[in-house]
Amino acid sequence: MSHEQKAAAEPLHEVAMLAATEIYSPCRRDSVDFFSKILGMYIVREDANATYLRSYEDPFAYSLKITDGTQAGPGLQSFRAHSQAALERRAEVLEASGLGDGWKAGEFGHGKAYHFRTPDGHRMKLFFDVDYAVVAEKDRTTLRNRPSKRPAQGIPVRRLDHINLLCSNVTTNKNMMIDTLGFRLSEHIVMDDGNEIAAWTRVTNLVHDVAFMLDAAGEKGRLHHVAFWYGIPQHLMDVAELCVQEGIKVEAGPGKHGISQALFLYVIEPGGNRVELFGDAGYLIFDPTWKPVTWTQDEVQTGIMWVGADLPQDFFVYGTPILEAASAAEETRQSEPAEA
Amino acid sequence: MSHEQKAAAEPLHEVAMLAATEIYSPCRRDSVDFFSKILGMYIVREDANATYLRSYEDPFAYSLKITDGTQAGPGLQSFRAHSQAALERRAEVLEASGLGDGWKAGEFGHGKAYHFRTPDGHRMKLFFDVDYAVVAEKDRTTLRNRPSKRPAQGIPVRRLDHINLLCSNVTTNKNMMIDTLGFRLSEHIVMDDGNEIAAWTRVTNLVHDVAFMLDAAGEKGRLHHVAFWYGIPQHLMDVAELCVQEGIKVEAGPGKHGISQALFLYVIEPGGNRVELFGDAGYLIFDPTWKPVTWTQDEVQTGIMWVGADLPQDFFVYGTPILEAASAAEETRQSEPAEA
Amino acid sequence: MSHEQKAAAEPLHEVAMLAATEIYSPCRRDSVDFFSKILGMYIVREDANATYLRSYEDPFAYSLKITDGTQAGPGLQSFRAHSQAALERRAEVLEASGLGDGWKAGEFGHGKAYHFRTPDGHRMKLFFDVDYAVVAEKDRTTLRNRPSKRPAQGIPVRRLDHINLLCSNVTTNKNMMIDTLGFRLSEHIVMDDGNEIAAWTRVTNLVHDVAFMLDAAGEKGRLHHVAFWYGIPQHLMDVAELCVQEGIKVEAGPGKHGISQALFLYVIEPGGNRVELFGDAGYLIFDPTWKPVTWTQDEVQTGIMWVGADLPQDFFVYGTPILEAASAAEETRQSEPAEA
Amino acid sequence: MSHEQKAAAEPLHEVAMLAATEIYSPCRRDSVDFFSKILGMYIVREDANATYLRSYEDPFAYSLKITDGTQAGPGLQSFRAHSQAALERRAEVLEASGLGDGWKAGEFGHGKAYHFRTPDGHRMKLFFDVDYAVVAEKDRTTLRNRPSKRPAQGIPVRRLDHINLLCSNVTTNKNMMIDTLGFRLSEHIVMDDGNEIAAWTRVTNLVHDVAFMLDAAGEKGRLHHVAFWYGIPQHLMDVAELCVQEGIKVEAGPGKHGISQALFLYVIEPGGNRVELFGDAGYLIFDPTWKPVTWTQDEVQTGIMWVGADLPQDFFVYGTPILEAASAAEETRQSEPAEA
């Protein structure tokens, strides 16, 4: 069945959401300070080599894991299935696809999961059993549909929104998510030579839960950014001011993408990973026969920037692991004893 | 299978969205003026007895039909299925439920549809084939994921959001939507005596696509409100000011509900129907095992109002058709020939 | 010279601004927590019986003094003159008016000052020499026109805005400020019987630096509220949510007054004083021949509430010192039957 | 008396405000369309060669005059004095300064005025007698402190804010405004070589009513921009979207200057003049002994951009009259009689 035929068939509803992301940081304490003090996230657990955090409206035990690493970069991306049966069906398909890493026991917050990789090697898992956030008495609110109080610290983000992965080949990686997991294509950029340089895919009504962008360096498995959501435009200006004031690097924004209609701010967290802060509600896709929006080479500028200044060159080449640092580190490793 | 068992089973994904709503107006021209001049909706078609409108981000041919009526009130509520097969499966279930009105030919914008009623008699239909918005050249935008330009008129709403139905019995009506169509319960209010006086249900990631509230008058089939969405908090204050200035009755707000976390404004359109304007993004439900939030009698105040003044008494008793007017009209009808 | 003649003459520019306000609190620690943790004010000095605070854009040493008191209520209101010569000229006029309390030595932050009272007895002073805010290294910002960093705590107010005094006679108290200090009338409410029940006066381009409202209880010298400024509408909704969450009483708002066009929130700080949070920029008066806006009895509702729910009755009767407490004390003293 | 001594003396309060600005447009109809349809300004008068407009909160007959011109550029800048006496005193000082053009009869909206020029030749006048806005019945509002209804057209600006003049020598032009009219310096940029390349001056509590920026081209008398005020941050994003959609050139923003803390958008109106839209309230200066903020060469970047992308090069070199056109016009003038 071709991709077109699949699209015409009944949509698959097996993966419910992106539930957690993991990033590596060479300076975990500084990264945690950024996410907790500036973005107002709750620290929910500290392990020897990792810290778990969650936004105040994230429902589960955690949504962000920051793990010690010699380098910034993406860790394990965790998706939750709609049901145990859906999980098992997807595991079979993934296994058959050759990208499966097999079942693994549960970890903090998540039950038994099927692990897999994108063609480029980005590590992912799908799980169903979950632990809900355990909230300290002092952090509970009478607003019963909100798992925890809105923090009075920093400009608190409300929830994890999406991840954006750099790929050596956008089409291959995107198709794998569509074919095996039922992701649907919302928008993409296709150049005159037919090269698909970016794609935004969803399993929810959001325009994207996972995006794919061409890695200009031709690398595999890097991270472009993880995104947290405000939904309130003013908060983006507020957090921008706080970042500028506190010396957090603001790479771009505030501005509004055409694609996804996201009011954005891109900052580099102290560990080096790019973080997108998503300011408004963007738009939602309810239409079950949504025709993916194809931005052509002529239109790409409007797609990338609807309102605001052009994005800096770094936006299109910087990712984590950082290549320069990687090379430098490599050299260092080859000529010297490893750090203590 | 009990409701609890159903909830534990795999979720049903057959109804995709609320696609259009219909209201009756005794003064259609004034109603149309309100929706087009204050709420910035496009007028897409004028028939002898009805006008069709759409918000600038509504994808289909229309999202609001205003039909001539001697009285304000709800008309036909139109839902779109995820696929033709899903439509047919739901039609069978509805037919078996005894609430079906059968298949009817397509109308403006929508293909062949299965018509049905809630236990209280609110008229609805489910369809799949749809016409997308046909947008005049001058109203097209280079923002390719937006069907039409953002109007420079009034404070334009972005899309239809939800409907709220008054019911003689909330539980009965709500369960019908859950059992036959796969709606899921997001939040509800249950009094100490076990009486469920309001329920918010969804088929999307929105907290609610259809809400049900107890009709204090014990009537059947009335409308509490239809809701249009801004997603931008400031726009609610902007439209509130415009309504006050232009003499449109503002019943309540701006304020923020606890339930759904909606930043709201309730206005009475010139025809008499209540319209909710939904200012921010509220919160979204991605969790496939979301436990419905039950607001108890003690908590109901927080649920209804999180931020802002108490709602006026009218909010809890006023609906359309208007009862006083209904009675008056009834009397009139009894002594005079009805209008055509 | 009549008030009308004065108004026609060249405007007086001698008082530059409201520089600081003082309130009494029976629970200073809780009050300080409110202003520092929820409103994000800097604590600049702690004395045995008073705490001094400032908003992050207040230029001088402090803008709010919270003093231990058995009762909530207003303390000393401090205005800064345009020059030393202006201070001396005003002191002479105040002295001649019979409302002067004489020159007093400088206190923390302010130089030698002339003290005086309104006809109702609200205590005030006028000074010129001032200490600018001394800001700790860690709280300094590279934004050189801002005295200190924007705090990452609570929803920080930006500056002291105005005070609103309850009066036994609005006209008498207002005229004293106009005649002796050069305040100008921006807006007022005049009832059909000629009774001026509220007046908003300015020495800056703000609509009001000092407002006067009739004390329904006929008391003298009470405080209606002190106001701090955000200037950003969203922050009012943010702080409202924080207050609700933390159990700070929200008396009214968010809403928008017609008078002054203030987007407001009224909260009762833990000590019992009403605090207005001023959300947007309101409007500014640059017109040197501004004709005061007279709201008549018919129009008073529009003047009080432009957008939002009616204000609660308490708004019109509650002030500090609190009368109930006073009455209770009175009862205790008199040990007599309560009034009917 | 040196400038320092003047600053130490009692402040002068003679000029109350910038009351109106005039720009030339080579395509008046398009310019008027921009200001009326996108910025929601009222058209108050159409003459054979000029159109007068006002924002909905501008108090006087008009605040913007668009005059036919072969070239874009600044016309007459109109300031209102605090009183007739103040006007006469200033006229004397201006006359003595050698920059006076003498008294001229009143024009539409303004009484008899004293005309003068900056050292660079920017044309200005000072007047006192004024006509208030005459508002059509349908455009009047019950919000009595607002001269006219908030338009339901475009994203309506609220008032004229300031003008920014390009100068061959900032210091000379700025000092003339300070010395003769009592403007006060709020902020300025001084390079390492002592060159003052920009200055912001005020006669109100605004950070600036008139700004001066070095003309990189060394020209005299050009306009950098005229500014209109929203005071509501969201409206800047709204109007930016409308401008992008309608093909109005957005040169820079949304972003936030350090200097003045202005949330800004710069657009080029169809006639070629740069227009700043001022989104938030900035900050206000009440302090009568405000020490001008001096931004050094090291700090200039923070001063120019606090939040947002660097300004494009055009921001620093483009002004009106446009130089390329100026040269062309120059050639034309040399071969033809000057226009009357």
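The first chain written gets the first letter, and so on, giving A, B, C and D; residue counts start at 1 in each chain.
By definition in this document, a contact is a pair of C-beta atoms (placed from the backbone, for glycine too) under 8 Å apart; a residue touches a chain by one contact, two chains touch by 3 or more.
Every value quoted in this text rests on a predicted model; they were computed, and no experiment measured them.
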{"item": "Number of steps on the shortest touching-chain route linking chain A and chain D", "value": "1"}
{"item": "Touching chain A and also chain B, the following chains", "value": "C, D"}
{"item": "Same or different contact residues where chain D meets its copy chain C, judged by the half mark", "value": "same"}
{"item": "Contact-richer chain pair (by C-beta pairs counted) among B-D and B-C", "value": "B-C"}
{"item": "Inter-chain centre distance, chain B versus chain D - centres from mean C-alpha coordinates, in Å", "value": "48"}
{"item": "Approximate Å spacing (C-alpha centroids) for the pair chain C, chain D", "value": "33"}
{"item": "Geometric centre distance via CA averages, chain C-chain B, whole Å", "value": "45"}
{"item": "Residues of chain B touching at least two other chains", "value": "142-143, 232-234, 241, 306"}
{"item": "Residues of chain B that touch chain C when the two form their complex", "value": "233-234, 237, 240-241, 244, 250, 252-256, 263, 306-310, 312"}
{"item": "Partner chain B, residues of chain D touching it in the complex", "value": "37-38, 141-143, 149-150, 152-155, 232-235, 241-242, 245-246"}
{"item": "Chain C partner contacts - residues on chain D that touch it in the complex", "value": "9-11, 13, 16-17, 57, 59-60, 80-83, 85-86, 130, 142-146, 158, 187, 204-207, 231-234, 258-261, 280-281, 283-284, 286-290, 293, 295, 299, 302-303, 306"}
